[in-house]
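See the structures that follow.
Shared chain: subunit A. Partners: subunit B in the first complex, subunit C in the second.
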Partner chain A sequence: MAKKQKAKKQKTKKRKAAKKSSARMAGRRAISVATSADKTVKQRVAAMAAAPLAVCESEKDLQAMLKVLSDSSEPIAVRLAALQSLGAAAFSVLSFESCRADYIATLRKVADDPDPELRQRVLGILMREKDGYAQRKLLDGLKNPAKALLPPEKALQLLSYDVHADAYSVARDILKKPPNDEAKREALRLLAADAKAVPLFEKVLRDKKELRENRQIAASALHALHPDKLQQSARKILLDKSDYADIKATSLTALEQFGDEEALGKDKALLQSINRFRASKAPAKYKQTARRFLSKYDQ
Partner chain B sequence: MRNATIERALSEPQFAALVDALAADPDRREQLAELLREDHALYNDRGAATVVRMRGWVLLALARVGVTDAALIFVLEELDTGIDAYLVACAARALRSYPHPDATLAPFVARALANIRYRDEPVSLESYGEYVVSATGSSAVSELLATLAWLGPHARGVLPELDALRAQSGLTRKLRLDLDRALQAIRGSAYGEGAATPACCGGALADARSTSTFAPDSRRDCGPVRSIVLQDQDGRSITFADFFCQRPSIVVFFYTRCDNPMKCSLTVTKLARVQKLLAARRLADKIHSAAITYDPAFDLPERLRVYGQDRGVRMDADHRMLRAVEDNDALRKHFELGVNFVESLVNRHRIEVYILDAEGRIAVSFARIHWDEADVVARAAAVLERDEFRFA
Partner chain C sequence: MNVALEINNSASPDAQFVTWAPSPCRIRVVNPAGATAPTVSVKLSSVSASGGGTVGFRSGTTGSFASTLTLTVPVNGSTVPFFAAGKFGQPSTSSGDVGIEARVGTTLVGSTKLMVRVRKNANTLTAGERDRFVAAFAKLNNQGLGRFADFRDMHVTVSLPQAHGAPGFLPWHRAYLLDLERELQAIDASVALPYWRFDQPAPNIFKPDFFGSSDSLGTVRFSATNPLQFWKTDGVQGINRRPFFNVAVAPPGLLTEAQTLAIGTQYRVFRTMEGNPHGLAHTSFGGSIQSPPTAPKDPLFFLLHCNVDRLWAKWQRQNSRFDPAVTASFDSNPASRPGHKLPDTMWPWNGVTGGTRPPTAPGGAMAASPCVVAPGLQPRVQDCLDYHGVLNAASNMGFDYDDVRL
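Then we have the complex of A and B:
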């Protein structure tokens, strides 16, 4: 009986080893196709998808993949596929250990590649690693647009991945003179982690001329940074007959979820204005928020 | 001594030139260690990545001129808790210039190796602020292995960790060769059998002085912070005097947005362990404990509560997570906190733990390198005993 079990175990072990070896071989073959200039772009891109399994199996294969990524004479579709493949391999931190240093160096090298999509993706990966090189490049580009590797809105978005990046002052400069609406929005998003930005967000939230998306960002930022200030602004917005329905609904949600129930129940002016909002021509989904709020106070 | 000529508004190239000038002048070299204090005005309002570049350059200057006993603690701190590959590489290189290698240094290097191996990066240690964009050059792991080789037989205590690393497949061929060289040096063939002499009187680690004890008559009065209002995890307000000037206390500093798991998260987790040890010794109602945030504007009560809860911290009237409602600067000055800020956010801080006596004065401080929970509790119990004896 014991002999039989031992034989079975050995068989399973052999099967697993064979499977692993076969997967390894397939991975190596994939890298060989992916890095071969003789194959078509389509063949190479398809092979890249199978490459992550084997990318760290040999230093030669890794270097071949990194060469494809950094070689601007390679077709961009193949380079992007190589980046994706390496990124997938990097996800497995333990097995990527021996590849990491070369990978980071290559990403930095490619960060100012002529192709904008590759540049953006590479800088995104580096910023997720909180890389000082990428951070410096992005900040330099925001301060001096002639050096910019990415549009300002994208640079701000990537800088916001690292709360410790020194990006608050540059975001505030952009808010003073935004190059476009998207850049302004991303600057606001970035400043949502800055505890000193509370007055800014109060102003944006109360400003009816401001884009509604920005006002929503301001409400969310205030909730994170200074919930009491959000409550105060929310009340003022609800008392204002001329403000927009979606902003009122956001304000209502803030009060409903986080407000002082006892104080709200006694606030007759507020309850009246919410009653008016419920009876208004606002979209049904917003009026539903008002109904839910009022039901808490038997209105 | 702070040098009055050091301007806080130096550009990075000016800072690098200043460091080079200090290193070149034997009479001013000792100021290099001073530049590694987090609270130095030079680090005010700099981003974390800039602080990394600046500190790295100071460490590399120390590597050139030799790490002194005063500077050693900064080097060990980086090895103990650093997660930035560049700074760890700089610290590893700097340690090799310390004139008294001994066995107490090896665990720091081994720990750094374990912390950094999955975050390794290529580094350039030749010029200020340079980032490597090619695969050539050094890396944090490579520098650490060179430091282990430099320690030679002094690093025998960490051989099991290194043998385990050798048995794994994670290193590149080049690093594997570096590791083999280190192993060879440690096993003695390069330095001769028995070259490792036991560390005298606690060795280099004792010279590094991470713990300071203050006699009762030399303790700083807490007058300037007595009336500071602190808010706890439940939003309750209490003055510094009302919480800290009743019984001895154990105080740690932290902030919830710290991204180094070896620092704030671990410190608060260890505070929870301290609280358990206090309870086991029936001291939980005789010794207060608190975790105070460096970042009071962001760390609102709800954040404090969740952060403490997630790390098993006991929170009640005697044990609290706290934020200064106002005048955080006075608190910072009183404790001489090792922290600096970029705008409202921490850009760099050290590990720091304090034992306060029943008058809220600092009796013992632990800074920079990891502290032992049982040791902190034992010392706090000793402070309690002395206070009880004094007031009896």
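Then we have the complex of A and C:
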């Protein structure tokens, strides 16, 4: 009996190994197609989708994928697909451990690739890994535009993944003379955790010529840096008859979500101004928010 | 005469929620006025608001559910147990949109309102469901100051081996989602985590009133009334997400649901879905969700993983893989790292730090539920398999999917 059970166990083990092995083989075949210059771009991109879990199974396959990624003579669609496939493999963290060092090294090589889309994606991945090399490159580019690998707004956005003093200082410099609206917005977002930026955010919030988004970033930053300021700043906006409907809607949303219900209920002037907003010609959705807010206080 | 009805054997309004799985309930006479015998015959029936959920009943632990149930209830106040469950395919859309009425003859003697609360396709939520979910999520984040920070900190570089690239990938994320969902329900009990069905077009998710639309830079824009505009993680406001596909269609290259379910009937083979479709769903975007250490900074992460979990649930149903004692239900390997074997407790809920575990354990124990006991404060891997209570009713974790049958 024991012999029979042992034989059965061995048979099951072999069957499982075969199944795993066939899945492995399928992945390796996919990598073979994906890295073959003889196949069409379409075939190679499709094969990349089947590659993720097989990437780290053999050193040869890994190096073949990394070579495709780093080779600027390869079609860009194939290189981007390789990056996506390697990124997907990176989620299987334990399986990917053996590949990681080579992967990061290749990403650094590709960080200044001629293709702007590839550069942007690679630098994004490196910054999310808090890579010092990528950070230095981005900061250098912001200080010296001739060295910039990405537009300033994108560089600022990526620097927000690892915020520290150097990033704050370049963000402030950008705000003094923003090259465009997006750069200004990204600089404000990055500074939202900087306690020294409170006066800046108060100024942005008060300025009706500022874009709604920037004023909203300012309101939220002030709330985090000075929590008691949320009700004060939202209140001022709602009471100001000349301020815009969209920033009023943003302020109302902030109060509804994060305000002190008891304190708000006692603020007669505020409730009256919200009532006026509800009856105004503002978009229906904004008025619905006002109605919902007021219903909490039987208004 | 009056009777009291308790759902999940609780009078708490927070417990008035059921799924497709049987929920233990009870009835008792609280005012016997007019009774002429020691017992009274009470008929239970389900009453649905328009578009609301529907429940069925049965008296015992086995058998099919019916639209009505007649119970013999002592007038002395003793409780009589019964079971209620949502009728598959008819979930609620808001709290209290289904009621249970108790009648003696034609006289109404008691009633209660409840909700058939299940996880739904995010692309087809009603405006009310969407808005309540978004409001609860924004409150949990509380502009970076809220409890969401713990969930963000559970999925960082140093903790990733606890949950990825090994057998515990699916159970860990099941527990992670459940913990977050229960925190959302503590804010608004009518909320259930929806899923992003990534193998189908889901344009409604990527709109300013829901999870936002991305500009060319990859900054997500919200409408002025969407509280997610205040989303903040790691001290920085906003969400970075740049779709590499047209959001009017599904991302290319991902395995379809049918293909995923056909990967294999053994868990050790099925779990390779971690690469495709799971990994490729993540890398269909640029931005936070693309990289393991930053993925949960984007709240879309939780909808993505809700679909991953739904696929696992569907695979379990398809292959009857609820029993940890069945080899095919899991990938048991004595050499697996801690947290990836069936009897292992899972970080961070176990509070274990150092050694093979990360240096801190954010968030504390698993959030409790007013409706069910499972999976416990420190769930083990094996506790996450019988999520429906198929083998043991006490294992029911209190969630279900709109399209996964009991």
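Simple rule for what comes next: the second predicted complex is superposed on the first by the 266 of 299 C-alpha atoms of A that agree within 3 Å, B and C clash if a C-alpha of one lies under 4 Å from a C-alpha of the other, contacts with A are read in each partner's own complex, and residues count from 1 in each chain.
The definition used in the following text is that a contact is a pair of C-beta atoms (placed from the backbone, for glycine too) under 8 Å apart; a residue touches a chain by one contact, two chains touch by 3 or more.
A quick note: this is a predicted structure, and the numbers were derived from the prediction, not measured.
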- Query: Which partner does A:250 reach: the first (subunit B), the second (subunit C), both, or neither?
  - Reply: second
- Between subunit B (first) and subunit C (second), which, if any, makes contact with A:163: first, second, both or neither? both
- Task: Look at A:59 in the shared chain and tell me whether it touches subunit B only, subunit C only, both, or neither; answer first, second, both or neither.
- Result: first
- Determine, under the contact definition given at the top, whether A:133 touches first (subunit B), second (subunit C), both, or neither. first
- Task: Could you look at A:106 and tell me whether it touches subunit B, subunit C, both or neither (first, second, both, neither)?
- Result: first
- Message: Looking at A:49 after the superposition, I want to know if it touches subunit B, subunit C, both of them or none. Which is it: first, second, both, neither?
- Response: second
- Message: Touch test for A:196: subunit B only (first), subunit C only (second), both, or neither?
- Response: first
- Greater residue coverage of subunit A in the superposed arrangement, subunit B or subunit C: C
- Considering only the touch criterion stated at the top, classify A:93 as touching first (subunit B), second (subunit C), both, or neither. both
- Task: Check subunit A for residues that touch subunit B in one structure and subunit C in the other, and list them.
- Result: 93-95, 97, 130, 163, 193, 227
- Query: In their complex, what parts of subunit B are in touch with subunit A?
  - Reply: 46-50, 52-53, 86, 117-122, 131-135, 139, 169-173, 175, 257, 259, 295, 297-298, 300, 342-347
- Item | Residue ranges of subunit A touching subunit C (in the complex, touch as defined) | 16, 19-20, 23, 45-46, 48-50, 52-53, 81, 84-85, 87-97, 120-121, 124-125, 128-130, 153-154, 157, 160-161, 163, 182, 185-186, 189-190, 192-193, 212-213, 216-217, 220-221, 223-224, 227, 246-247, 249-250, 252-254, 256-258, 285-286, 288-289
- Task: Would you pull the subunit A residues touching subunit B in the complex into a rising list?
- Result: 59, 66, 93-95, 97-98, 100-102, 104-106, 108-109, 130, 132-133, 135-136, 162-169, 193-196, 225, 227
- Residue ranges of subunit C touching subunit A (in the complex, touch as defined): 135, 138-139, 142-145, 157, 160-161, 164-166, 169, 215, 217-219, 221, 223-227, 229-230, 232, 234-238, 240, 244, 253-254, 264, 266, 268-269, 272, 274-276, 278-280, 282-284, 286-288, 290-294, 337
